[in-house]
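Chain lettering (A, B, C, D, E and F) follows the sequence in which the chains are written, and residue indices restart at 1 in each chain.
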Amino acid sequence: MSSSISEQLNNLGLNKLRPSGRQPDQMRPVKITRNFTCHAEGSVLIEFGNTKVICTASVERGVPRFLRGSGSGWVTAEYGMLPRSTNSRNGREAARGKQSGRTTEIQRLIGRSLRAALDLKKLGENTITIDCDVIQADGGTRTASITGAYVALVDAINVLKQDKNGAMKGNPLKHEIAAVSVGIYEGEAVLDLDYAEDSKAETDMNVIMTGTGGFIEVQGTAEGAPYSQEELNKMLDLAQKGIKELSGLQKKALAE
Amino acid sequence: MSSSISEQLNNLGLNKLRPSGRQPDQMRPVKITRNFTCHAEGSVLIEFGNTKVICTASVERGVPRFLRGSGSGWVTAEYGMLPRSTNSRNGREAARGKQSGRTTEIQRLIGRSLRAALDLKKLGENTITIDCDVIQADGGTRTASITGAYVALVDAINVLKQDKNGAMKGNPLKHEIAAVSVGIYEGEAVLDLDYAEDSKAETDMNVIMTGTGGFIEVQGTAEGAPYSQEELNKMLDLAQKGIKELSGLQKKALAE
Amino acid sequence: MSSSISEQLNNLGLNKLRPSGRQPDQMRPVKITRNFTCHAEGSVLIEFGNTKVICTASVERGVPRFLRGSGSGWVTAEYGMLPRSTNSRNGREAARGKQSGRTTEIQRLIGRSLRAALDLKKLGENTITIDCDVIQADGGTRTASITGAYVALVDAINVLKQDKNGAMKGNPLKHEIAAVSVGIYEGEAVLDLDYAEDSKAETDMNVIMTGTGGFIEVQGTAEGAPYSQEELNKMLDLAQKGIKELSGLQKKALAE
Amino acid sequence: MSSSISEQLNNLGLNKLRPSGRQPDQMRPVKITRNFTCHAEGSVLIEFGNTKVICTASVERGVPRFLRGSGSGWVTAEYGMLPRSTNSRNGREAARGKQSGRTTEIQRLIGRSLRAALDLKKLGENTITIDCDVIQADGGTRTASITGAYVALVDAINVLKQDKNGAMKGNPLKHEIAAVSVGIYEGEAVLDLDYAEDSKAETDMNVIMTGTGGFIEVQGTAEGAPYSQEELNKMLDLAQKGIKELSGLQKKALAE
Amino acid sequence: MSSSISEQLNNLGLNKLRPSGRQPDQMRPVKITRNFTCHAEGSVLIEFGNTKVICTASVERGVPRFLRGSGSGWVTAEYGMLPRSTNSRNGREAARGKQSGRTTEIQRLIGRSLRAALDLKKLGENTITIDCDVIQADGGTRTASITGAYVALVDAINVLKQDKNGAMKGNPLKHEIAAVSVGIYEGEAVLDLDYAEDSKAETDMNVIMTGTGGFIEVQGTAEGAPYSQEELNKMLDLAQKGIKELSGLQKKALAE
Amino acid sequence: MSSSISEQLNNLGLNKLRPSGRQPDQMRPVKITRNFTCHAEGSVLIEFGNTKVICTASVERGVPRFLRGSGSGWVTAEYGMLPRSTNSRNGREAARGKQSGRTTEIQRLIGRSLRAALDLKKLGENTITIDCDVIQADGGTRTASITGAYVALVDAINVLKQDKNGAMKGNPLKHEIAAVSVGIYEGEAVLDLDYAEDSKAETDMNVIMTGTGGFIEVQGTAEGAPYSQEELNKMLDLAQKGIKELSGLQKKALAE
């Protein structure tokens, strides 16, 4: 493969570049494939570069006990990685009999974010379960999951709309939701970190936003040194750029 | 959709046919995609019609405690289904904290079958872990898993061969292994049952064989009435035909 | 102990014999003791040589959720080994908090086989739970379990028959069921393997049949080399002989 | 069966008797069968009337981590009931994945009592595991377990004595141990309660003693009204009588 | 090591002293603080010297399944230790996913003892859950727990009395309950053992009694040598003295 | 109930007040008690108003496997709530056998934050375990935990400093760490939410910062509507004010 201009500048020390050769504000190629598997009401394969996640949305009548009779619906999420989606094999959580703390944290984040997209009252007493299963990991699996799951969720809601017994009360979709990671890598704010960056970043931040620029969730962690307000603002600016691109791709995929 | 000739014959009662319109001795289209994901030493997507399974083979140095110092290697297998690989969503085993009896049974069968393919002594003190993850299910997931896993296993062994520190002692591959299901459906012996047949079959049999016609495992269960020696023989004949075809497809995939 | 004729022939190399001195087609002494414990509706101690299993059948009104209102009954089985039923002590599964894969596999096999013996519709909405607890193990615990459990099941059904509130709808017994192991040991097909044979057999096959010669389940595994169709047939012939003997012993025990 | 004098008195209302017709200070028939199963170093079937428990003692080299290098041995115990050892079936603890609080309490009591019988220093770094498995229950399973386990323990120690590599340092047996239950039933102190009494007793007490009358453990619980010092003393007197009888039976069994 | 004055006196037999300098029949300072936390119906901090336990009593409408419709209430207890309540940190039971055998034993004892204090019929179909959480441990945590829990229980019942919907049927309090440990330490019977004594005691006995001197539970274990009837009696005498003092302190605390 | 002045002003729209009557930028009274329990190297009771948490820091030699031989130390955290620390009783996690997702998330946050305070290399191969146990909850338990745990951590490090065998390599403390919650409540940014606010807030944000104003972690979640950049900035300003106050109180407590 011939080296890109940025790699050449890199080699000359003129342009301190990301391992992938991307510009600081450049997303990886993103691909959204709807109807990836055949059984689920919504089924999406989302790819952020080499990160690949199958996101399905499954509709079931009824809601958990704490909502019964409330007229309100529910959205919940589960997350998993195939054991060899990563560079070295991780033990299968089903075999260990326990989901890790990381898995728990991620699936709570996905569920919370997607619930924020909906007016659960309008959903009626239906439950939509989101499954995000990583088949290949290269950083950003949780942000890819949320971005893909949103598309699967819309497909599932469209199935519910056509179901006369579905008991929806109007369109439950309130917000378009997408997610992207940003971080400080070698002193510079960068967008959409891959594994090579993520594993060495000083700061790692996941940002979930609406298509119109409202914040749903911000989680920023100093892995090395504390970060400043200025760095925080730079990262949020990058995140906004990334979300805008992702939101456009979601719209385009849903229009096909 | 215009009806096929067999469907027309079917309607005339002249040709009692399978739900898929296949002949009794006809396999579904089988597709084997190598290098499906990028991290594993062997990674195969296998498709038996609508049944799709990701099979990876992961190599690790060392063996379980009971083999340490024996000079012998080990092969083990794990099996899982994505929660919405099936028509209605199944609870995630990692979330329930327990693998089902069915999962346990299947992964023991896969591991046992693949160990039979190898001379574990020649493998040296290496462990190969097979992961079979069903992303879409339409009957025959265990036989597709074994057939795909064999290809992933060969790829992993080829990686080990090129590893000078891998400590293999010659070629550990003894047998080519493939698996297929057969059964009695509406009184007739049929090959490679899909879900529509499997869920109503009177007898369901899984057959694992070598490429040269030796039996590795036969598991035949009467779901309805007991079956006779004659029916058993008919099913074994069909299985041999199917295994021959699968073995050819494995060879072809490995030659690419 | 004076050596038997077969042992003498063995020593002369004229008659390659089994460790126990049995002929290839010879079962171990089988003993069936009904009413072994006092609380269960059916309670049997079955002995295949040194293998001893307590099989009880317990009747409860009602069925699992998936059958409620169906009018159909249910039979399920659980299997366990006392920790020191074997040569070296095995950890107690209750203490480890988990049943092993082997246990799961066996109890699923027992349950499946006994359900095949009954017309569950005629059982009415009753559940019969079979418990097979091995108090001494010397190979063949699963086949002894099924053979003994059938007798306990018949006793339990007879209790139900006399219960006017039991709501049975006619006699649910459809088939007499017995089970035996066969295998290839030192190149020869043998019947009813004990531990000394089982641990070294090239092929190990468990056969569950009806008293009239129909197959309920066949599970044959190559432990060493693959087996041929001819070997398969020889093993099935031996199994039929063994089942006939066991079926006779069951009848006799039930007649007492 | 002809009725005993006490039953006749009972019928006349002259002698308020126990459900079994026993005198207040009368034990049930006790039977101790050594070498009940063939694999364990010590294996005893003990019967207190209809209560039947298999007690095995298994010897293993080595000790738990907290004793390694101390030169001291260890004795531990596990307890279980076959699911249908009782009047109505209890869920199998291995299937539920958890031992009940009652089981935990009993096996801790058995282990503690038998450790008190030994000088663990003299045992050397060996572990003896006691398994008490109730095959039929009619009250007093824990006291029968301890009484039978003591005999199995002595047998296991005798095996160890003859093992030149066993590394025992003299005879570890310090005390003969037996156990019996006493209680207040219908206002009267009674010895060796069966289930009919146990389930209605006002006070239930388990007493473990040495053959020479020292107390190892006393556990007395008011199930109904609190009990007085006088009642406590009466129960302890009965316990001493019972222990003396049991100790004699243990000696006799071990002499055979 | 030069001996202290008390050790010298000790050696002379003039003053055989406990590590804390207490007399054999002397309790540690006991302090009962009601309303320690703000949410529970009853909340008590009890201190036996350096042993500190938070005891809360929580009232809930309804009873476990086995009591539904019986008109009877229920009392149950749970016990825990903060991981660093002890000298070296113990693993958190919630993180290990399992309560230890010791925890199980203690919480069963606490629940049983407090149920003995009440007429559960008069409680109506209400459940009171006792939580005893040790924040600092120095021996005697179970007896402090029971003594403190009784006070919390009385407070909770007083809350229920004022609840018109509480459906109590008269005053359920039957007995005042307190608990204390006694033991044989260096050959002498002592009251209320602290950790320094408890860890070396020859015999350890927990006694739960009513305020009027009836026994609720006696648990006495020989840790070293067996104990005699005389020693048992001495320990019971000390226990009675301790219970009287504790009962007085409970009354005083409840009167404030 | 007569309404308070602030409620009246509130109703007139003149003074939109918090349920507690606090100003938007006003913390609850904070109290830090060192040496709260006697066994741990660091033990702190921290109170944020009615929220009370016991934070202990326990020192152990050695590190988890993944750090052995690295020369680096480790800090980890566990979090729990007493079952009745909340308004209605929550099931005990030890009894349920599982920590909730919320617990997992919080203890990961505490551990991550405190590791950021230290140079783990200078800690040497020692592990410090932080336990945060909530004895009374009124909102903000995770921020109180981190703030109190920092003080306990400093105390534990001071103990390690005086331990000549402790093998520390200089002072591992890099940053002072404190945490506070902020949120949007009834449209206004407020500091240090109590339960009454937390349960109704539109946005809830936890901010962990160094004493010098660097960000360690920011987690902001829209519970109702998405939040804007402007609201985010207002919340961060409040957080900085709160952290400054907490940092002062930590210093003061440590100086005593």
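FYI, a contact is a pair of C-beta atoms (placed from the backbone, for glycine too) under 8 Å apart; a residue touches a chain by one contact, two chains touch by 3 or more.
Just so it is clear, the structure is predicted and the values come from calculations on it, not from any experiment.
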{"item": "Where chain A and chain F overlap in contact partners, by chain label", "value": "none"}
{"item": "Steps needed, at fewest, to go from chain A to chain D via touching chains", "value": "3"}
{"item": "Centroid spacing, where centroids are CA-atom means, of chain A and chain B in whole angstrom", "value": "33"}
{"item": "Computed distance of Cα centres, chain D from chain B, in Å", "value": "52"}
{"item": "Between chain F and chain C, distance of the C-alpha-averaged centres to the nearest whole Å", "value": "61"}
{"item": "Residues of chain B engaged with two or more neighbouring chains", "value": "97-98"}
{"item": "Cyclic chain order when read starting with chain E and heading to chain F", "value": "E, F, A, B, C, D"}
{"item": "Sites on chain A touched by chain F in the complex", "value": "101, 104-105, 107-108, 112, 116, 175, 209-210, 213-222, 225-229, 232, 236"}
{"item": "Contact footprint of chain D on chain C as seen in their complex", "value": "37-40, 43, 50, 52, 54, 56, 58, 60, 78, 80, 82-87, 89, 92-95, 97-99, 103, 129, 131, 133, 135-137"}
